[in-house]
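Structure, as structure tokens:
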Amino acid sequence: MQNQTSALWQRVESSLLKQGMMQHLGVQLLEVAEGKVILSMPYSDKVAQQQNTFHGGAMGALADIAGGYAALTMAPEGDEVTTSEYKINFLAACTGGHLLATGKVIKAGKRLMVTTAEIVHIASDGTKRDCALMQQTIVPVVKK
Amino acid sequence: MQNQTSALWQRVESSLLKQGMMQHLGVQLLEVAEGKVILSMPYSDKVAQQQNTFHGGAMGALADIAGGYAALTMAPEGDEVTTSEYKINFLAACTGGHLLATGKVIKAGKRLMVTTAEIVHIASDGTKRDCALMQQTIVPVVKK
Amino acid sequence: MQNQTSALWQRVESSLLKQGMMQHLGVQLLEVAEGKVILSMPYSDKVAQQQNTFHGGAMGALADIAGGYAALTMAPEGDEVTTSEYKINFLAACTGGHLLATGKVIKAGKRLMVTTAEIVHIASDGTKRDCALMQQTIVPVVKK
Amino acid sequence: MQNQTSALWQRVESSLLKQGMMQHLGVQLLEVAEGKVILSMPYSDKVAQQQNTFHGGAMGALADIAGGYAALTMAPEGDEVTTSEYKINFLAACTGGHLLATGKVIKAGKRLMVTTAEIVHIASDGTKRDCALMQQTIVPVVKK
């Protein structure tokens, strides 16, 4: 069971709670470990595109923060992180249920961090399906 | 002055109006031409990250549809388009005002289309600043 | 022990032997399985950049074919594959020894395939180091 | 006519001459300006794939250095540049003649630079064709 009072969890959660967009879309934090973060996003009209599947932009946003928060768990104490760039491939169109995004740190450099994020769709009946794969470059920045 | 009754305009607008996410974020259509689309997104809490600048995910979502709708203007009549993948570089952190995204078709192939999108920030005082640059692969799909 | 007379091995090898560039750079096939291919590239002046480390272009070329050949193992009999696009992050600068590239299929769609490739450097003394990570879109094409 | 004795030209050329791979492939410098570089690569067996068109890896390598050298023209005196990542879309398969790659700086930041490169094929009869489009992140590094 995830210890939600751990310093790592609080570091990620306190940032997520300040993200207006993610609060708005109902994104929740599920797991935090060194170099790894799992987030969920429920299906709703707010994340839908014209055919009532999850919007690519919503999947991109979710993958972006999954990778970014994975990086944050390995950034020097007090630093923030910012996304330099990301690239995402969409693997399937999914509707209903929710998305699970798992961000992982591949390289934790001082100047640049490289991460990946996988998005899996969990349908209402529990069926799992790969939805998207992202590769990302993160820059640690000293908080002002 | 853009002719908002043109067939191209209506083709793009009717899709945009069905995108729950984009309606939610206040995205508006400004210009539609063959191979080119311009969209705007106003700043609000719904597109903000933890430091009150536009969320990278919001910029990614906006760039995604700008490129996608540019492709739609060149897809065979009746076809839809879907995003295979995109890659976006962030150039600056911006807050307030609104974003302008210009999507352009680079190659309109039968099986794949390649597009780019540039996002520029327009501050409340009119100051312009380059915000993001995207490169994307789009697949035309026959509407069922 | 890899069965070098298997149909999959021969399918990949016969294509690799026709690639002038890869023959020139000394690239060798080490492993072929359904959805997975491993290739090696020895260090030489032909793949060096100005500081005598492996050229990013050489790593990109190696990753490109590792992903492409992994896709080829899952393409319909008789089809070829072509690269639509790839994105590569460089993780370390490496010199001497050789590179090992492992290409894997993430999604084998009819119209598009998504792959990844990891490049690891093996130094003369056997030390291993992650060098590069690639994500790629492949298009199966009917051979004429 | 390009002044081949300019400091910018010499800065780029002296690096290019040290790149074993690029010398090997016959890459030549055609134009150097602040934030822009043009290079050419002749068709040969050394850059061919299995169907005798330019290898995607050769195009990736050429685009990589076109963007990188454009960045070098805007990096602080004495600094080198290194590629963090790039993403390339292939637009056409081309054979014979030569490739022209034009690298441009989109953003010249202190910590990161963003560039693009366009590759155009020039056939033996002078016909031009768009071949590839790249988007790249470059890191300026202090020379040791």
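A few notes on this one:
Read from first to last, the chains carry the letters A, B, C and D; within each, the first residue is number 1.
Rule of thumb we're sticking to: contacts are C-beta pairs under 8 Å (C-beta built on N, C-alpha and C of every residue); 3 or more make two chains touch, one makes a residue touch a chain.
Here the structure is a predicted model, which is why all the values come from computation and not from measurement.
Among the other chains, the CA centroid farthest from that of subunit C is the one of B. Of the two chain pairs shown, A-D and A-C, the one joined by more C-beta contacts is A-C. If you average the Cα atoms of subunit A and of subunit D, the two centres end up 34 Å apart.
The distance from the centre of subunit C to the centre of subunit D, each centre being the mean of the chain's C-alpha atoms, comes to 22 Å. Centroids built from CA atoms put subunit C at 29 Å from subunit A. Residues of subunit D in contact with two or more other chains: 84-85, 87, 89, 114, 137.
Residue ranges of subunit B in contact with subunit C, taken from their complex: 84-85, 87, 111-112, 114, 137, 139. Remark: subunit B residues 15-16, 18-22, 24, 44-52, 55-58, 60-62, 64-65, 80, 82-90, 93 touch subunit A in the complex.
Here subunit A touches subunit C in the complex through residues 87, 89, 91-92, 106-107, 114, 116, 130, 133, 135, 137, going by the rule given at the top.
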